[in-house]
Amino acid sequence: MKKRIGILTSGGDCPGLNAAIRGVARASYDLLDCEIIGIKGGYKGLIDADYKVMASHDFSGILTRGGTILGTHRTPFKQMRKIEEDGIDKVANMVKHYNQLKLDCLVTIGGNGTHKNANLLREEGLNVIGLPKTIDNDIYGTEMTFGFHSAVDIATEVIDRIHTTADSHDRVMLIELMGHKAGWLTLFSGIAGGADVVLIPEIPYSEEKVYEALEERRKKGKDFSIIAVAEGAVNKEEAAMSKKDFKRYREEMPFQTVSYRLANQISTNLGFETRVTIPGHQQRGGSPSAYDRVLATKLGAYAARLIAEENYGNTVSIVNNKLRATPLEDMAAKLKLVTRDDDLVKTGEAVGLTYGD
Amino acid sequence: MKKRIGILTSGGDCPGLNAAIRGVARASYDLLDCEIIGIKGGYKGLIDADYKVMASHDFSGILTRGGTILGTHRTPFKQMRKIEEDGIDKVANMVKHYNQLKLDCLVTIGGNGTHKNANLLREEGLNVIGLPKTIDNDIYGTEMTFGFHSAVDIATEVIDRIHTTADSHDRVMLIELMGHKAGWLTLFSGIAGGADVVLIPEIPYSEEKVYEALEERRKKGKDFSIIAVAEGAVNKEEAAMSKKDFKRYREEMPFQTVSYRLANQISTNLGFETRVTIPGHQQRGGSPSAYDRVLATKLGAYAARLIAEENYGNTVSIVNNKLRATPLEDMAAKLKLVTRDDDLVKTGEAVGLTYGD
Amino acid sequence: MKKRIGILTSGGDCPGLNAAIRGVARASYDLLDCEIIGIKGGYKGLIDADYKVMASHDFSGILTRGGTILGTHRTPFKQMRKIEEDGIDKVANMVKHYNQLKLDCLVTIGGNGTHKNANLLREEGLNVIGLPKTIDNDIYGTEMTFGFHSAVDIATEVIDRIHTTADSHDRVMLIELMGHKAGWLTLFSGIAGGADVVLIPEIPYSEEKVYEALEERRKKGKDFSIIAVAEGAVNKEEAAMSKKDFKRYREEMPFQTVSYRLANQISTNLGFETRVTIPGHQQRGGSPSAYDRVLATKLGAYAARLIAEENYGNTVSIVNNKLRATPLEDMAAKLKLVTRDDDLVKTGEAVGLTYGD
Amino acid sequence: MKKRIGILTSGGDCPGLNAAIRGVARASYDLLDCEIIGIKGGYKGLIDADYKVMASHDFSGILTRGGTILGTHRTPFKQMRKIEEDGIDKVANMVKHYNQLKLDCLVTIGGNGTHKNANLLREEGLNVIGLPKTIDNDIYGTEMTFGFHSAVDIATEVIDRIHTTADSHDRVMLIELMGHKAGWLTLFSGIAGGADVVLIPEIPYSEEKVYEALEERRKKGKDFSIIAVAEGAVNKEEAAMSKKDFKRYREEMPFQTVSYRLANQISTNLGFETRVTIPGHQQRGGSPSAYDRVLATKLGAYAARLIAEENYGNTVSIVNNKLRATPLEDMAAKLKLVTRDDDLVKTGEAVGLTYGD
């Protein structure tokens, strides 16, 4: 009997989603007698029974395309159990539609929120397999997520371009990169682009340390500097605040972003001319890099193998550089953050980079 | 007797400066018995007698490099005649050093400010030839300046990436591009990137017209839109202000840039989710495009021909798609701005773009 | 009454076809009450009555895409009048279907062959408008065709990469670029990439002159050189042959391409290590450059204006850097080739490039 | 007392050499009191005592640059012990100069040949540390070498471009990629680019299997196909030949490369139009990718740590995704080749790719 496989993509978009969908589908057709049901717009599609029975040719020509052919939507974990808000029992709906569609399993492709929801469905007794995607690379239990290296390539190209012009105008250039909680993208791109200062959420900075680093360079005759800042970077005072205080504090801050504030501080205190660059959603767009296409394809094809083995309740991950199944219950509520003693942090420091701590 | 040729680059840096320097130098060596003197750091180098006698090999390997091997500096025209400020008679110094260096002519590579200064030196009796560079393409008397198409390529790539992600998240994305006075870069990139709204300094916008365009798209089922905004774009109220009033008004505005303000207005008034991207100095950096390398080389080689003919007091320009010498006195105080009936403006409108006017 | 506009794309594909189709369509919808009929697979679609009535949304999202949504096919002019071959009166068919479809005009987008066929249909009394596309830039009567600058960007990037490695290994690197009859692409990219030798069909070369140039560089301590060769480049002996003799001669040549032969000659005669790179169809692929998107859009929008004015029988061209209508009868049988005194040729020479003549 | 550290780069150039040099140098300055001696032109520089005492600023601005500031040279292992050829005792010279320079250790950056030579010097009693670079990724004992992912990015971009044009012209396109012995680059890029057939040295192919795959696609209405071929790919007959027979056989083959032969066979036997693209040395050129810059920096910084610990006789490698020291004697004579059961090979197959075996 044909296996019926549901697939959905959930959360913020990133390069490689289509490559992963294609990987799951093609490898499933190859290994199994199966039918694939595309759930539209993430978990919302499962809540609302919005889906499409896919044909083999639907997966042709999508490997290199950005975005997702299934659509995506942010469906916060917090909302899942809250029936009162809209009167809809979302979890019950998902279970009901899963059964109505006679699914044998559901493949969910997404980031941390997606995996929390996947684990919730697992707890409800559904057969779920997760695939880890995010430009933040902050999913616990896997060494790498797809989307990350595509974003790194873009961010590094931005830093490269800024370097050329910084050099000829003796300016301090701030580049604000994505990452509210995790600094992997800023850290990796900062090292790749030869930044002088890297500020990330996990390592609260002090303005004085940043000033020192810039002054140090000035003394050596280097009148320009490159600062890579994660959008979620905080200084030591902010790091010490309660969540609530911090939120109010930031809302009242007369600067749109942390970079504008720091740029202002640097020009006021050190007299440097400063410029802010915010690549923004550039970092999520366009065709996935070769690395991400292959990673997404590998993860997708491995998911098909797990389906063939009826080995459910896992996310496909990379551990010790090898494909592996990691139980959803072990990883779904955790975050993989940069630690001060990470090899990458140490490498950056060894080649002259400052973290401002 | 050897001709002695001085070269300097002045104003903001942009891709193609080195290609132009190489073009002048190599073609001069080819046509003439000559020696080339590199003036360092723009006009400042001529004021301070900071220079270097160049050798042929100094011009090797620089065609593809960003920045300028001669260095650059902004030396405002306004300051030229003001001796009192620093007690230096800048114009007299330049004339003196030109004579001490026994220069037969001076090639000045730069934008509008550079050309004003070049014309001033011409009035002082020096033999000057200008080369038009700027990412703004706003130099009067030439159809094209080098640097422009390199910046267009970068800005268009940014819009492309934003498009992918805008589409899958139903957002209004604002991309703020360079251009304080001239909108050529935003206009050209906006058409190339398929933007829905383009706002430029020359065409003051009304918020209502922008809202209308977004609502129009929403009605057609297109819940995302791309707005390309020049950093110098102004709405109709601002356009009507005096220069002084405008300056104060902007300083008090609680938004770092025009895009953040408009994004805020759009989300408040129409309920769209909005995101701002500011590519910033990305637009000036990196290797020149093929187009700009060839343009800069052609302009440079033509300058050498003018030197051989002792035809001074001109800038090398493109008129009717052909190389030409345009008298400095005819163009030095003017600006080439976008007009409402420009072919490019009309083309954009014909394919569905809105200017908000 | 609604105007009925047919559109077809014909000949080899190149970046910008979809941008041009979109330009024609959107500007026509804007200016006119009209219906657009997409003819599939070039003239073949008109011969076979293979077409589709297009809707406005068919033209969305295609600006940046390579290829052509209408499909293309090479339908040689030579075959048009030859009924005997397949028993089909192709010209009569095209006229018949044009009338059956009640077309008011036909927009044909393509290169030289396409324009010859367009002129033939004009002679048959149809209302035809041409749009000039080709990576070769060899269409008579227009200063620029779209597709050219996209190809130049790719070819130049190839030369750049080769430069890096040539330098560190002291080799003569040959890069064979597209162009059977016209050398514009090789010439422009060669100058942009800083090639040392450029060989193009219009300027037959002698091996001795090439050797001299390489030896000259060796004497100056430059042990590597970059040679950009058009695939249609010929030496002086070949240039003197009859067409028939040349064809046989080339078929018997024990080298797949002209570059392999020259590489062999150079290593045998001068002892240099040589390497051949053939970017091939890379040069036709991928998304159009910003320049080409805007050019194709401008040409397309101008075609709509000509339709509104019922000004038929022309191709849309660029003359003196301005949009213009050029009569098909004046340009359809001619080719725009590089001449020895072209400004670009002179510029290359002035900066040290050799043409081997 | 200052530690004296020698560094050399050897073998074919590839992106990331300068990043690795910078990593070693900066991390050494950070960890140690040391002086760095740059050996010029690979082992040749140690044989001839051609070197330069480096200053800290020599390592600035080189992170993003292709090539190597130290120069490189191929010095085959086979020649090392052969004194008779040129009368020079190369090994003795290297030991002598190592001692004269009072080196505490020597860091050798290169591929398989480089590591064999490094091991030889280790056997002579010198303190050696290797760093693995090659676009082939075929160094035994490490999961990854720098240079590989930069080459993959370039090769994948080529395949992408070819895809666009293949599609609209119904052709079989062959792309010949680098790799004489190892197929990693072709395999990875082939999967990333969505190739239909991948032919690599480790998996000898039969023409019939390739034909079958193409016919299979034709039956499904897909009249175009993409074949990625490693330059060292062989068919089953060739794989069965002795080395000597094979060499003669290939020399007599009337095709410059394996791709031209296969293209000819396919068009003759199946009637497809075919085109060959050979990106060639493009694959070795240009700025390293972000991935490679970080990998090279990490490996370099780790080498400095090994020097600080006086832990010599190793190459720095990646095992289980972590930095590690692998003894030179364990890896120097071995090659890491693709095996039929590799995860990447299986992944490719699962998503529909054919290896022709």
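All chains are identified by letter, namely A, B, C and D, in their written order; residue positions are counted from 1 within each chain.
One rule holds for everything that comes next: a contact is a pair of C-beta atoms (placed from the backbone, for glycine too) under 8 Å apart; a residue touches a chain by one contact, two chains touch by 3 or more.
Model, not experiment: these values are computed from the prediction.
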Next on the checklist: Going by the touch criterion stated earlier, list every chain that contacts chain C and also contacts chain D.
Outcome noted: none
Checklist entry - Which is it for copies chain B and chain C: same residues on both faces, with over half shared, or different residues? => result same
Next on the checklist: As a quick test, compute the distance in whole Å between the mean CA positions of chain B and chain C.
Outcome noted: 31
Next on the checklist: Using Cα averages as centroids, what's the distance between chain B and chain D in whole Å?
Outcome noted: 42
Item to check | Per-residue multi-chain contacts in chain B, two or more chains | outcome: 160, 163
Checklist entry - Among line, ring, star, complete and other, which one matches the pattern of chain touches? => result ring
Item to check | Contact set on chain C toward chain D in their complex | outcome: 12-13, 66-68, 71-72, 154, 158, 160-169, 173, 254-257, 260, 275-282, 284-286
Checklist entry - Contact residues on chain C for chain B in the complex? => result 22-23, 26-27, 30-31, 63-64, 143, 149, 152-153, 155-156, 160, 163, 188-189, 191-194, 287, 289-291, 293-294, 297-298, 301-302, 304, 318, 320-323, 343-344, 346-347, 349-352
